[in-house]
Amino acid sequence: MALLEVKGLHAGYGDVEVLYGLDFAVEQGETAVFLGLNGAGKTTTMHCLAGLHKPSGGSISFDGVDIAGRDVKQMVRRGIVLVPEGRRVFPALSVERNLAIGAWTKRRKSSFVSERKEQIFDYFPRLAERQNQLAGTLSGGEQQMLALARGLMSDPKLLLIDEASLGLAPVIVKQLFSIIGQINATGVTVLLVEQNIGAIDIADQAVLMEKGNIVYRAKGKQLDNREKLREAFLGAPA
Amino acid sequence: KPGVHEQLADTSTAGNQTTGTVDGTTPTDTGPATGATGDTGAGTTPTDTGGSAPSAGGNVPAAPADAGPQDRTGVTGNSITIGIHAPVTGAAPFPAQAFALGREVYWKWTGAPKIHGRSVKVLFEDDQYSPVTARDRCRKMAEQQKAFLLIGGGGTDQIQACAQYAASGGIPYLSPGVTQIGVDNLPNYFAISMTYAQQGELLWQLISKDARLKGLANKVAMVRTDTPNFDDAHDAFLSAANKRGKSLVLDRTLPKNPSQTDYQTLAGQLDGADAQIVHILTAPTHYVLLTARLAGDYRPWWIGGGITHGLNAVLETGCTTSNGAMDKALFFSPFPGLDKIDSVDPNYRKAYREVNGGAEPDDIGIVLWGLAKTLHQMFQNTGPSLSRQNFIAKTQTGSFQSKVFPPQKYSPQNHLGGTQVHLLKANCAAGQYRTEKMFVSGF
Amino acid sequence: MSVLDIEGVSIGFGGVQALGNVTLSIDEWEVVGLIGPNGAGKTTLFNCITGFYRQDQGVIRFKGTEISRLAPHKRAALGIGRTFQQVGLVRSMTVLENLLLAQHLEVNYADIAGLIGSPETFAAEIELRQRAMQVLDFMDLADLAHSPLDGLPYGTLKTIEVAAVLATDPEILLLDEPAAGMGPEEAHAFGNRVREMRKELGITVVMIDHHVPLVVAVSDYMYCLDFGQVLTHGEPDYVRNHPDVLEAYLGEDTKKTNGKPKARRRTKTKARRR
Amino acid sequence: MAIGLDVTHPMDVVETDLGGMPQGGWPARLIAGVLLGGGLLVLLGVVSPLDASRIGYAFIFAIVGISMRVLLGLLGQISLGHQAFVGIGAFMAGFVVTELELDFAMAVPAAALSGAAAALILGGAALRIGGLLLALVTLTFGAVAERTIFLLRQFTGGGSGLPAPRPPWAATDTTYAYVCLAFLVIVLFLDWRFVSTKAGRAVQAVRDSERVAASMGISVIKYKLLAFMLSGFLAGLAGGLLAFNIGTVQAAPFNFFLALEFVLMTVVGGLQYRSGVVAGSMFFALLDRYFGNIYDWFLRQLDKVPGIRGVSDFLRDAIADPGLLVPAVGAGLLILTLISFPGGIGQQLRPIVNWFRGGRFDLSLIHGETTSQGGSEDVRP
Amino acid sequence: MGAATTNGLIVGAGYALVALGIVLIYKATRQFNFAQGEIGTVATFVAWMLLERDLGWPISGTIAVLTGVAMGLAIERFVVRPLARSPQVTVLVATAGVALLAIALQIIIGEAKLRAIKPMLTGDGFTIAGALVKPQDLMIIAGLAVTGVVLFLFFRSPVGTALLATSQEPTAARIAGIDINQMSMLVWGVAALFGALAGLLFAPVDAFTPGFMTQRRLIPGFTAAVIGGITSLPGAVAGGFAIGLIESYFGHFLGESIRGADGLGVLIALLAVLVVRPQGLLGKAA
């Protein structure tokens, strides 16, 4: 059975409906990439999964339990962690304290936290150099790394990453995707929202959204046909 | 500065004010708030005649009686409406409940007197310890609710503001003594107890004659609130000292809203100057907060004139906060303490309990009772044909003896009619002021 | 003729040397791309040019005059316009109002005249509106004139920001990651617009972006910064394929270049356009 | 220090339906406007002098409200010492007529300018720093004004009564109320032009983001100072008018609690809406004045209801003076407004105002958009 | 001079205590709490009522502090939380509204009377260098020391870090699994606790009325917090003493010639600090 199974997910803001019944499933250990133009509803979907937004209908089953509508705290406790769009680092805290907050739910296991921190500094040596700098004074890309690193601190089962590559140098994007691949390899299931089609390289599954609907899903072999996907995504080659 | 003052008087006349409140001409029919007509004519805007024209003793120009039409606002065949304002909220309030209970006792008990067939209705407004509000509330009572006369319960600035308004409308105004500044030449204003300035000489008589204080006469200090309205009191106290060849060891003011540091600093300075007698002229709150900062073995004698310092409510708090430093304070007062009220007027307690369903009488009730009794005599003295003009004319030639307040004696030139005081002494053990002397005009 | 000259500019924050002796010059009518890894100092350079930071060392000249001591708004008045890495618009205003605001320096009546409502201000305001609408038209944003900013997609906001800066009538336009958050298609359209802008309005453009194909397509010339220093510069294709850039920025072909020292040749003085 | 302030949509958003004019067209709006304005003018003429004086007082409060709005609504700064600016204006007016023996026509401008000058001095030092620190500086300034400036005997006569007699042509309460109304109308015009032109836009940009404003060529300090001075100017003007409304200027009323009342009335009115601020200010000015009457009327109505006689008697016994209830009512209204109707009275008035501007009379406008806090402030440009 | 210094330190300790409460809330929520003073008054009022019934300080004090905490939690739940998405200034105004409401209710219930509360320590006190010191003044200094140390440690703890994080980016804090409502309650509860303690420590020094903390201590407390650097706890303490000393020196040496010299001194000092060192005495530069 799939780790995450979403059925007929509806959501909206006030009277405006934004998601019109999404269906998808992600297996344990998979990486799924969500593609779609601005305003397609990708962020809203992530927010529903992370408990930041209450769906208006449908079910989200995680590990066999329907968790639709639960609040963030419970989601985090179950191991669903969101790396939000727009970085949202704690600007007046040092990099180190930002990471400590990321491990909030694991704060009592201090050995785990320090191990984890080491591991993350391996992934992002830049952050290690900047440990004591206030996060608000980091460059845009450094903040993005910090946001991702913070999400990894709590040892999630399902990692939701919303537009991680925004504002990152291509070399870092590549590193990032390879790090995500490594994380994925440790058994973490990853759900990635991207504008950068390069993400398909690390994906086991691609989901294309348009105006609140899923218009195309590709798995396994289908993914090899990049041109077809590109067409579906862009309508035109970029 | 009479110059400024006259100048203003001129302006007000020029501003089609025909009421002529300052130069003493008789109020004419354009006078404001003539009740009957609700006339919105020119005269309805009272113009302030304020200013600071200190003049000792008061010199009110005579207003001839029975000249021109009579203003009978607030008077009907069987009732007279009067209005009282006092602060029950704001910076230095009176206890609201006590005021509410006491204000109608005299007029409501079964022995309540009729005045030429009329009973008295009492209006009350909270002036919030703000002169602007006082003025508005006095206008409300006089113009909307048709009060015949107005009474100030306490608070110098508010009394001044309301009295000046009342003057512009020819409305009689009664108040305890407080300041003389800006009110002593108002034709409608009557002080029913001695002003602070008048009490300056008396205080020095007390200091030089009283066995307990005599020896300390070279260690006298004065503390007053920083307002020009207390300048007269200050000058009078100082000149009484000079007359005796004395000077003050410390002469300080407290701001109107002192900070923590002000109290702390002043207390230390009093101690440093070794002031053993301190004449305090402030709101009672400031008195309490100042004495609260005393420490060690510094325990001066506190003395003063006035009304509010002599209220038991002050003592109730101050004895605890000052750790007893308030004990033995000596204050002049226009009313006797609870310990002596029965001997001057056995009706008071009875009437108070009767009207208020058995509630325990207090000293604020005595103030209001004494005031009402005095007013009763004034109405009686005016005769059955009651008008504002009549009332002023008759009162300013009358003498009154309520037996609770010391007697008043007015003349057309002098509306500051107080002549005597009672002397109260703080007794922290009893939590009350005790009356040491009554009806004294000199020591 | 060069519009903007940067000579030996350095700035540090605590232990971090964000810019170390950066020298570059931007010619009139040029579209210059500025790339470099995260934290290389690109935004910091913009901040020095626009006066939000003051460099520790070095000189910045705009059309030959030294501007290092001027406050940000004075530099804007000289004709230096910029966009921000995060959207630099006034969130509480509508699109049109933002464009009216952006014309602040163009308004020729006194503040007091506006306050007391003197007649010429009414006429001037109407003119401002017309100009704003023209700019919006140019950027294909006229439909959105009266809509509030809240709720507009990120890409649209970035376009509006560019429109607003255009309305300030700049001579040089500094764009900080204008295409971030845009899909490839949108980015492509945006690139075309930048070229058009340069052609029709005759302004000089410096653009930071991590969207390399876009930068390459749009620029006449490119600089690459790394660790606060100019790594290389030259024609777009040259920079794009420069081994240092490939390694430090693009992360391509690193294995290939690693073993081959000859690929490390430097040709930094070459290829200066015209 | 980055303390972000954002008040959303301070500009008067005109939601004009430029197509067909809904609901009556301009003639209907014109007639309604004339009726409303004319009604007010007539009303002022027929009420008693005391009522006229109180309404005049309320107009003056409305001017203070607009002054607060310039600061709080447009610049996003809050003054907790506004009573000081009003007081300085009032004393200046008293000083000009009493000590300098000049007349009203000199006193009122002098009052307004003194308010602006005080703002210039204070703002020059305090506005360089971002955030709400101005609030704390004005708070301290208010205390100093109360305890030092207002007690300068040469200037204020020691704060216990500087006479301010009205000019002969506006001696009555009624004529003077018209004068205050005229000033209020002028002030509303100024405020309208301010937000519709260069300076007002610049000020709002500065509130939202100083760096964005600067990048558009706006001098941040200059416009902060300008807005603060305009606010001080209007407060001083209100003070000058207040002096003549009361007749005597005293220090006592200009205390911290008045400053809080100014804030309350502006917020309850609804910062973003001019009409709301006027309504809120006047409401607070009049609440205190008429509460006694309303309360008495309320008790009398209770008396008439059979069976619950006891309730009104209980209230009469328990509440020694209705005045005690006023602060509770004011503070209660404030909290209620903030929590349930963040747009304040202005939000409630929106359907009407919108209709007058040529939009629809749309009751749904009462439910304002929820204000959002925007993301975190960037620590660096 | 000695007297002025001693007086300044005594008064300043009080201001510092209030400033700590203000800094706590500001640091953890970026809000200005204008009800901080009034929480103390309400607690005092409760303690007074209980002491009048002869319950003694330990019981009365405990119940009073709990009442203060309850008030803080109520403010958090019914005022601050509904306004979570409003601008900073709205919350400032709202807490000022709470303070006014609390004052108004106290007046309705118990009149605007000056009241005395039984002292915690009895004794006449003593004189140091010409300054009068009451036993209760020593209690305040002790209270200040305890509060300062506790708060300092509090912000070092993981919970303290989480608080700071919540104030800076609430959404991100939620995503990390922090219960931001719990955090908010914690802050307001703790601030109210110290606010109530401050009130109880102050009340026996002199006398109290409804609003006494707001009127006479809140403004200097705020000024102290700002001078010290608004987010710095040691700064708040330094600021409190600085204000006390400035008031005292100005009042002592210029008080008779310039009215309100102490207040003027504070304003000058405040402006000077803001011009020369905008981040406050011990604040960190942004």
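Order of writing sets the labels: A, B, C, D and E. Residues in every chain begin at 1.
Operating definition for what follows: a residue touches a chain if its C-beta (ideal position, glycine included) is under 8 Å from a C-beta of that chain, and two chains touch if they have at least 3 such contacts.
Just so it is clear, the structure is predicted and the values come from calculations on it, not from any experiment.
Colleague: Going only through chains that touch each other, what is the minimum step count from subunit B to subunit C?
Modeller: Minimum step count, subunit B to subunit C: 2.
Colleague: Give the chains in contact with both subunit B and subunit D, ordered by label.
Modeller: Under the touch definition, subunit B and subunit D have E as mutual neighbours.
Colleague: Name the chain whose C-alpha centroid is farthest from the C-alpha centroid of subunit A.
Modeller: Between subunit A and every other chain, the largest centroid distance is to B.
Colleague: Which chain is the middle one, judged by CA centres?
Modeller: Central by C-alpha mean position: chain D.
Colleague: Centre to centre, by mean C-alpha position, how many angstrom separate subunit C and subunit E?
Modeller: It comes to 48 Å between the two C-alpha centres.
Colleague: Between subunit A and subunit C, tell me the centre distance in angstrom, where each centre is the average of that chain's C-alpha atoms.
Modeller: Averaging C-alpha atoms per chain gives centres 30 Å apart.
Colleague: Can you compute the centre-to-centre distance for subunit A and subunit B, using the mean CA position of each chain? Integer Å is fine.
Modeller: The separation of the two C-alpha centroids amounts to 78 Å.
Colleague: For subunit B, jot down the residues that touch at least 2 other chains.
Modeller: 88-89, 96-97, 226, 255, 257, 259
Colleague: Give me the residue numbers in subunit D that touch at least two other chains, ranges are fine.
Modeller: Residues 6-7, 146-147, 151, 320, 324, 327, 372, 375-376, 378-380 of subunit D touch two or more partner chains.
Colleague: Two-or-more-chain contact residues of subunit A, please, as numbers and ranges.
Modeller: Those would be 88, 91-92, 137.
Colleague: Can you check the complex and tell me which residues of subunit A touch subunit E?
Modeller: Subunit A residues touching subunit E: 50, 52, 72-73, 76-77, 81-82, 84, 88-93, 97-98, 100-102, 104-105, 107, 147, 150-151, 154.
Colleague: Note which residues of subunit B are touching subunit D in the complex, please.
Modeller: 4, 7-8, 11-12, 14-17, 38, 40, 42, 44-52, 88-89, 91, 96-97, 99-100, 124-126, 128-133, 135-136, 139-140, 143-144, 157, 160-161, 164, 182, 226-229, 255-257, 259
Colleague: Which of the residues in subunit D end up touching subunit E in this complex?
Modeller: Residues of subunit D touching subunit E: 1-7, 72, 76, 78, 125-126, 128-129, 132-133, 135-137, 139-141, 143-144, 146-148, 151-152, 256-257, 260, 263-264, 267, 319-320, 324-325, 327-328, 330-332, 334-335, 338-339, 342, 370-373, 376, 379.
Colleague: Across the complex, what residues on subunit A touch subunit C?
Modeller: 37-39, 126, 133, 137-142, 144-145, 163, 166-175, 195, 197, 234-236, 238
Colleague: Please name which positions on subunit E make contact with subunit D in the complex.
Modeller: The contact residues of subunit E facing subunit D are 30, 32, 78-79, 82-83, 85-90, 92-94, 96-98, 100-101, 103-105, 107-108, 111, 168-169, 215, 219, 222-223, 226, 230, 258-261, 263-264, 266-267, 270-271, 274-275, 278-279, 283, 286.
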